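What follows is subunit A paired twice: with subunit B in the first complex and subunit C in the second.
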Partner chain A sequence: MMETLFYLAAVIALSATILALTRANAAHALIYLILSLLAVAVLFFLMGAPFAAALEILIYAGAIMVLFVFVIMMLNLGKSGEELERSGLHARNWIIPGIMATLLFVELMYAVEQTSSLTSGTAVSPKEVGLELFGPYVLAVELASMLLLAGLVGAYHLGRRFIVRSGSDD
Partner chain B sequence: MNAADFYSLAPLLILAGGATILMLQIAFRRDIKLTSALTVATLVAAAFSIIGADDNVPRFVTPLLRADHLALVFSGLFCLAAAVTSILSIDYLRQRGDEPEEFFLLLILSTLGACVLAYAAHLASLLLGLELMSISLYALIAYPDKTKLPLEAAIKYLVLSGAATATMLFGFALLYGTTGTMQFAAMGDQLVDAHAGSAVLLVAAVMVVSGLGFKLSLVPFHMWTPDVYDGAPAPVTGFLASVSKAAVFVALLRWFLASDLFRFDILIDSISLLAIFSMLAGNILALLQSNIKRMLAYSSIAHMGYLVIILVVGSNMDNRALAIEAGMYYLIAYTVTTIAAFGLLTLLSSEGHHRENVQLHDVSGLFWHQPLYASLMMVALLSLAGIPLTAGFIAKFYLISAAVSDFRWVLLGSLVVGSGIGIYYYLRVIFYMTRKVEEHNNNPVAPGGWLVKAVSCALIASILLLGTVPQPLMEYLRSILQVVN
Partner chain C sequence: MSELGTIGFGLFIILAAVGGAATLTWFERRLLGIWQDRYGPNRLGPFGVGQVASDMIKLLTKHDWVPPFSDRVVFVFAPTAIVVAMMLGFAVVPFGPDLYVIDLNIGLLFFLGMTSLAVYSVLLAALASNNKYALLGGLRSAAQMVSYEVFMGLSLMGVVMLTGSFSMRAIVEAQTDLWNFIPQFLGLFTFLIAGIAESHRLPFDLPEAEHELTAGFHTEYSGMKFAMFMLGEYLGLILISCMIVALFFGGWLGPWLPPIVWFCLKTFIVICFFILLRAAIPRPRYDQLMTLGWKYMLPLTLFNLLVTGAVALTLKGG
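Then we have the complex of A and B:
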């Protein structure tokens, strides 16, 4: 049974990604991308990595995608943006993602309810992940923090010209 | 982790601490003099900390890093190269960009990434080091953001390098899936066990080789190199061409040594194919360039081709020690020489407004009014061409003797043909530099205080010293190799 769930989620992930790549409308593509990430999260959960699944949803489907949505909303200002929002309410635009998301949700509920929801291997709890990360791999965490610093400083420098400074304008 | 672990990681700790201090300093007060002084101090301190760390190696520091003499030597080299880059780029940055301070912060972070690569003993640290180095480089390439060319170069590098990293990461995942380990030392034997007809391993190898081949810009993964080198600011190009290439190669070398990847014939054969393509294509394409940066970009492709020969030669156990020694010598010589060559381009462009003076006619007659800087360029180019008395000659000689002792005639032939073509385009720049004063119209005036002059003299001296008195370094490399093996 769990195997079937796994393959169902995999099919959803693949088809959602293909749909995301082929949509001409950025907002629609984004919805499919979020679905694809959710499906991957379900895959992680079924393979015994609930922590990775939670992170996938929180960080990728949550935080990063919200940023994308913000950017697209800001790019689509004006009349065309309004029409776009109206067109988003058509049933043909949300029915397929809706079905996919419902399927994933039902899958997840079913898997959570089972005592053993594994398709392979052993489950790794968040506590074990934490112990590994701050035990043998603590230097990797430190290096990743330096990596983020580099990204942050670079993004600040390159995005700086778009920042409107108070005082310099008036 | 105990005290000895910390000592053996001294360069990394000093660089990370320096980056933090620099960040705070920039936040409180913007002052390029103070920032650059702090940067150079940090980098030099990190470079000299390898002397103190010497007694505490070799050892594994967590499963991720392996501190040994190889790691220390190359960390020191990368830190010194970054220090030279930052000294030479001060005037360049003053002319461009209104907030030049973060440049130095990014440079330190990139150097940290390069040093992590020199220490790498695990796929995770390889990836983290690579990304730390590359992400800082994306921002460094686009740093002078008033013109379009650097931005274009940065976007190209970002997209292509991101794709290469993703490919490599997928390869890592497949490797982990088949071997069950990410540590280089444990991976080798697992690979042999899993080797029998495993298509997954083949795919993994192709993905990893293409990812690393991109970072080393081996043909056919080289398409980005000329555009990115041309668009990037000259000091960054020098860093990109020398330190980032050398760091990736050191990590690759460590992986080969620790997992003994030399025993997989398909891998060795495909690498020798890449080497032949890179040597020939790089040199032939360099012939056609009138832009010195593009020419050096193609020549760096060729040099990486020469360098990977040692991985092929190392597959024979008898010649492995010689091959690795030759490779290390070549890396050191190449890094010093490339930093010197791009150093001159940086100085030439320091007085320019937005355009960089990197065309052949820009250096015309340089020898007559800037003899010191012209000598720097001349020595660097002669060394790249492999003319006797320079570092490049000894390095190439070393490489050829390694290839001869392993009877790799095809590789050797490509090396000789490639070097022959190379002499033409290197000497052409020197020819332009020694033209009479009347023959050129524009007059690039390189600035530079006593520090820049001192660094130029030191670079010339080190290239000549490596070329005339190579024994001490050779002896040292030989002695540390015995420990590494």
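Then we have the complex of A and C:
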């Protein structure tokens, strides 16, 4: 049962990702990407990582992709955007990325074959994740938080209003 | 509960939630009427409750129009997203000690995830409508949801800290001695505001502000598709109320009466409070909404988190 669900979610994730790559309409591509992220969340859940699954939905599908949709709304891509996108989807544009992706895929397959099993077979509770994050991986957490802070400060700088103090003339 | 029992209970919850949402459309108008010194719908049936059925017939028989200039598939899909997401959210609500669909150890995160997915309904509707009012409504909605989601999650972390679990059942059981709204009143306050903003109800219904945006994101929607948005909104209201009860007011806990009665009673009172807020508070301007969220609510939740963490640590250490 679990295995069937796993492969079903995996098929959905893969096909949704392929569709996301090949859609000319940016909004449609995004919907497929969201679907793909949700399917990956199901995969995480089935592999015994419910916390990662919840964060995948909350942060990737629920927050980051909303910002993507936000940007698409601001850009107001019409028919011209779709045509531009279509022209980029020619077969010859796929060759080099295709080769690179195949190499990576072969490498990944090799790595997967080396490890006996991918899951420990037990579900990891949120508490354990927290203990790991703030135990052995605390340096990574702190570094990530510093990076985010830098991003925040940068975004604030770029987004702040330049108030021009006008003199007597208005 | 057995597997079959769980499925049956899940179906019952869905039906009850939809029925409750339908009744709320009438109940809200009646209550608003009382608080605003007028009658509200009082003609059809006892106390006007027949209004629910008549509204439903009206919505079902209305012309279900898909604008030719819209993105057809997305346009039709959009209203279902909010209803599905909200219904899934009900899965983790603990109605009683043994009355729940599933007791996930990430229950609270699941609820937050589902409410955050409900945003897409509004966004995709606005995007697919190909209408400037809808687009403006969608933009506002995206900004509002993302901003308020940030501290919606943070406001609940105080509760999680006190309980030490994301499981909704554990959170309710941890409140046997003291309901969370006393130690976590800041959390309750911020979650309440974030909850209204997430279900974009008045006073935070800027995505559909009718004074300036016609009807915002659902300008192009009519008939049953519009009804789906309404259903989603009311389901969201019920879900948020259930969550407030479970997280801050001890869920099913209470003397004398059976647990499920206590839960429903408390939820009912919270829903009435939401309606009272709608009757009492005017809609803020868009920039005021953003200022409130980022400059007041977010620091408040962080402060709450800090104090709760310090107190929890001291109590555990001492």
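Definition applied: the second predicted complex is superposed on the first by the 108 of 170 C-alpha atoms of A that agree within 3 Å, B and C clash if a C-alpha of one lies under 4 Å from a C-alpha of the other, contacts with A are read in each partner's own complex, and residues count from 1 in each chain.
Here, contacts are C-beta pairs under 8 Å (C-beta built on N, C-alpha and C of every residue); 3 or more make two chains touch, one makes a residue touch a chain.
Please read all numbers here as calculations on a predicted model, not as lab measurements.
K.L.:
Output check: A:Met2 vs subunit B and subunit C. Expected answer is one of first, second, both, neither. What do you get?
P.N.:
neither
K.L.:
Tell me which partner A:Gly151 touches in the superposition: subunit B (first), subunit C (second), both or neither.
P.N.:
Touch status of A:Gly151: first partner only.
K.L.:
State whether A:Ile57 touches subunit B only (first), subunit C only (second), both chains, or neither.
P.N.:
second
K.L.:
Figure out whether A:Ile96 sits in contact with subunit B (first) or subunit C (second), or with both, or with neither.
P.N.:
neither
K.L.:
Please indicate which partner A:Val66 is in contact with in the superposed arrangement: first for subunit B, second for subunit C, both, or neither.
P.N.:
It touches subunit C, and subunit B stays clear.
K.L.:
Check the residue A:Ala10 against both partner chains and state whether it touches subunit B (first), subunit C (second), both, or neither.
P.N.:
Touch status of A:Ala10: no partner.
K.L.:
Output check: A:Pro136 vs subunit B and subunit C. Expected answer is one of first, second, both, neither. What do you get?
P.N.:
Only subunit B is touched by A:Pro136; subunit C is not.
K.L.:
Output check: A:Ala29 vs subunit B and subunit C. Expected answer is one of first, second, both, neither. What do you get?
P.N.:
The answer is neither, since A:Ala29 touches no partner chain.
K.L.:
In this superposed model, does subunit C or subunit B come into contact with more residues of subunit A?
P.N.:
It is C that touches the greater number of subunit A residues.
K.L.:
Using the superposition on A, tell me which residues of subunit A are in contact with subunit B and, in the other complex, with subunit C.
P.N.:
No residue of subunit A touches both subunit B and subunit C.
K.L.:
Please output the residues of subunit A touching subunit B within their complex, sorted ascending.
P.N.:
Subunit A residues touching subunit B: 136-140, 142-144, 146-147, 149-151, 153-158, 160-161.
K.L.:
Sort out for me which residues of subunit C touch subunit A in the complex.
P.N.:
71, 74, 104-106, 109-110, 112-114, 116-117, 119-120, 123-124, 126-128, 135, 138-139, 142-143, 145-146, 149, 153, 164-166
K.L.:
In their complex, what parts of subunit A are in touch with subunit C?
P.N.:
Touching subunit C: residues 25, 27-28, 31, 34, 50-51, 53-55, 57-58, 61-63, 66-67, 69-70, 72-74, 76, 123, 125-127 of subunit A.
K.L.:
Sort out for me which residues of subunit B touch subunit A in the complex.
P.N.:
Residues 16, 19, 23, 61-65, 99, 102, 105-106, 109-110, 112-113, 116, 124-125, 128-129, 131-132, 135-136, 138-140, 142-143, 145.
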